[in-house]
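Pasting the structures in now, so scroll down.
Each of the next two complexes has chain A plus one other chain: chain B in the first, chain C in the second.
Right, the complex of A and B next:
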């Protein structure tokens, strides 16, 4: 549909638009939260305003997690975790893309890696965290970074492999019939056709790698957001656990809104938008019926409990 | 003046029990400003012939020789589906097949977009166009490299009857103006009679069975008696060769 055709539709009242439903959701969550708090009457289960107060104190550095050496406030913890996340994510993307390309291009390479990729995929992040904690000890960045890589890399491999398998042969034939040189074909046919799969790989590697990283920080690190959550857990302070989890969620949402969505918008502006769904590349994946990606969905659901 | 010479062309797919002969010792000589249609039942090697001529596939044996006026020219190709790059604008799709990315090439692309009546759609993406418009872009792309030889593989078979008819007329006009050698694959005998000087009839197993000259003045209206008679003659030939049953 063209932009002009969309503009000519009658205006829908605000309360019936999806944006209204989006605003309603957090309000509903807070209302339910208060209801549960009043019903339970528990000292451990704290109400929203206490959690927000805690978060404000953390943001304004009113409190500190520990005295003496080492990172002690929200910003330091957060900074550490983000650096680890980007390091692990970058390594997972590079190594995963290379292996995925090789698996997509060669049946032998695919046969060599396939079972191992599935095995890494099936392993709960918790097991990686415990294992890496034993190997590297609680100091330093190694255990969290490796956990992030191991959690994220199978998703990169599978998505890139499916991307290579789904390259449009008929467009390559067209380019060859017109005598287009190979480097021009790579830039105009191969890379754009891989883009939706690379985008899916980036999103999965980020969201799943992030979970692996935090679990490793809980069990196998003496710093970072995961460690801070563990700290408040040991102190029996629900506000700390929930507060840090919410910082976490806010960061993930900000990344999605400020980085991934604008990038996807730019990269996929050639695709007609489907309703109000912003994530165009995922629609593209569904169109292409990528079994691998569907498998991945299920595994993500299973692993988030780990 | 372009010339296409095909000698003892043979093409097989698979090995052993799976072996399929797609083209069997095909000999052809096509020269000058002619419109040649290739007709025959499904699986008679029509598209394979075009793919070998255009270099998408290689022959099992035999030779293909295409002589064009300009030595580095590439033949144009219009496919059954438009085969446009969905992530590039209409203009960029035409520019993709140009040897140079200069103003001259851009002006040429614009001229052929105008010719297929899509002069104002250059900055649209293919997904924003109808099937008929996309096929028009495919035709403009093939003409925009100004080839001496043009291959077309059932370019109108996916379109509705009315769109196909108007595109056939446009194609005929463009062929008349640009004096190209066109090789046109179709399974529609009526379409072949309407457009061509020559009709090559292929049978299953990739054998060239007949080479019919259609000597009628252009433009040809399908409802004209002479055109209907010519179509009936070709269909009779099909019957003689037992091609209708397959």
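Right, the complex of A and C next:
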């Protein structure tokens, strides 16, 4: 079987393989970019090679931003943003887990908080950014970190709550009936059943918190990646704006590939896997589950569990 | 079978049922009491304790104007309404959302259909991941610097943030199409139109509804964000102007009025439509 499969492989021409399609996508983007550049005839818009040159200069520290005594190059900006992200994420995780546990265990607590959690969830990050910027001012880390917490915490709360609600009661009863010690129950029953939900909480608190943080840095901060893209925008430098946009995309992809995919594999190790395709599909399903965690009672629940 | 089994049992255990009903009623009452308590407590803290809390967090005294309570926000609604600004700004934002989301939905649905093909699936995969993971702000600024204030700029931003959610949902729906049912329908000579009407569309509907609801919830936020940068009208523009002149009571009035409106569209109008559409399906209705 495998030998035959390996034999038949080279016969498929390269351009018809999925790998070729994946390589083709960025090329297509660059081609479209050039086409837009030529047809638009805009004075500020710039072609890919100049943007890449700018990015290279940023990476090799050729260019520096004028920012007083503050951080002035890509790595410092980036480091600052990552520190803020982790601070906001950690606080959101801790506080959100506590509230989520309480909401999952008690119907009264759930009724008390539910609508307000939903309101915070649905509020655009822009609102937090503008408001916190006025309250805390652009100096320091406060406004961005609070924006990050406010953006991420509803996802933690909802997912932890759903996790608690979804713990398999029969398994607990059975474990008790067979006299399994409590610490073993916690480790082997509670944690594995909570794991997908905690993982979803981490993932969403991180990616949504990051989006909130960036917006807060644009409107309510004088440093960080968000501030840098705003700097180039104010300077009417297309290469800066698109260059930093691509840095953002690269950061998001790196988070996805280096952090969440290995984490997902660990978190779901106990589950049977269908094959290599399963990982990506599971992610998209997760996307749906978690975005839809609020509506789990409705139809999403049945389908997203797989 | 099931119904004939249940009825006599239900009559016999009417006392039991009564107790269950009472229990459920008590639960509902309890839930509403706590819910109202939640509203009262939060609004009271917002009205009376907001300043103290924010000063504690910020570590310095804050101007009263920065922290409007709910009463003051409610009081500014009539002012804005009388100026006649409310409708025109809502209209401007809704037009943007309508156009932007319409374009992204159609394109996203098409991409979702394309991804049934393995080759096209891997072609679009990275674009979808990029769209799902990168902040909308980046696309708002990029679209703006490429196309200026032209509509293409904000359509680009809305598209880049919204299409992936739509295409992922549609593609899941198409993948899960009941092939056996379709085959059977074909075998029994059901016409193509009837097959679409009775099998394909009812099956895809929940996925389409999910796509619309999630897509909309993201689209309106990005739209507001694009208005901050590239508009002279709309909610986003008003948010920028009012926050720049430190009129935070008006700022919150704009934010909350549109927020309530968007939630109304999302949770009530779309939900209603969905419930109405799925009345025939027991497990969804409950």
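Going forward, the second predicted complex is superposed on the first by the 252 of 306 C-alpha atoms of A that agree within 3 Å, B and C clash if a C-alpha of one lies under 4 Å from a C-alpha of the other, contacts with A are read in each partner's own complex, and residues count from 1 in each chain.
One rule holds in what follows: contacts are C-beta pairs under 8 Å (C-beta built on N, C-alpha and C of every residue); 3 or more make two chains touch, one makes a residue touch a chain.
Since the structure is predicted, the reported quantities are computational estimates derived from the model, not experimental observations.
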item: Touched partner set for A:73, first chain B, second chain C, both or neither; value: neither
item: First, second, both or neither for A:173, with chain B first and chain C second; value: first
item: Partner chain in contact with A:111 - chain B first, chain C second, else both or neither; value: second
item: Most chain A residues touched (candidates chain B, chain C); value: C
item: Of all residues in chain A, those that touch chain B in their complex; value: 2, 170-171, 173-180, 184, 188-189, 192, 195, 269-272
item: Contact footprint of chain C on chain A as seen in their complex; value: 16-22, 24-26, 29, 36, 40, 42, 44-45, 107-109, 111-116, 119, 122-127, 130-131, 133-136, 142, 146, 207, 210-211, 214-215, 218, 226, 229-230, 233, 236, 238, 241-242, 244-245, 248-249, 252-253, 255-256, 280, 284-285, 287-288, 291-292, 298-300, 302-303
item: Chain C - residues contacting chain A, complex; value: 27, 30-35, 37-39, 41-42, 54, 57-58, 62, 66-67, 118-127, 129-130, 132-139, 141-142, 144-148, 165, 168-169, 172, 176, 206, 210, 214, 217, 220-221, 224-225, 228, 236, 239-240, 243, 246, 248, 251, 255, 259, 262-263, 266, 278, 283-284
item: Footprint of chain A on chain B - complex, ascending; value: 51, 54-56, 74-77, 79, 81, 83, 85-88, 96-97, 125, 127-128, 145, 151
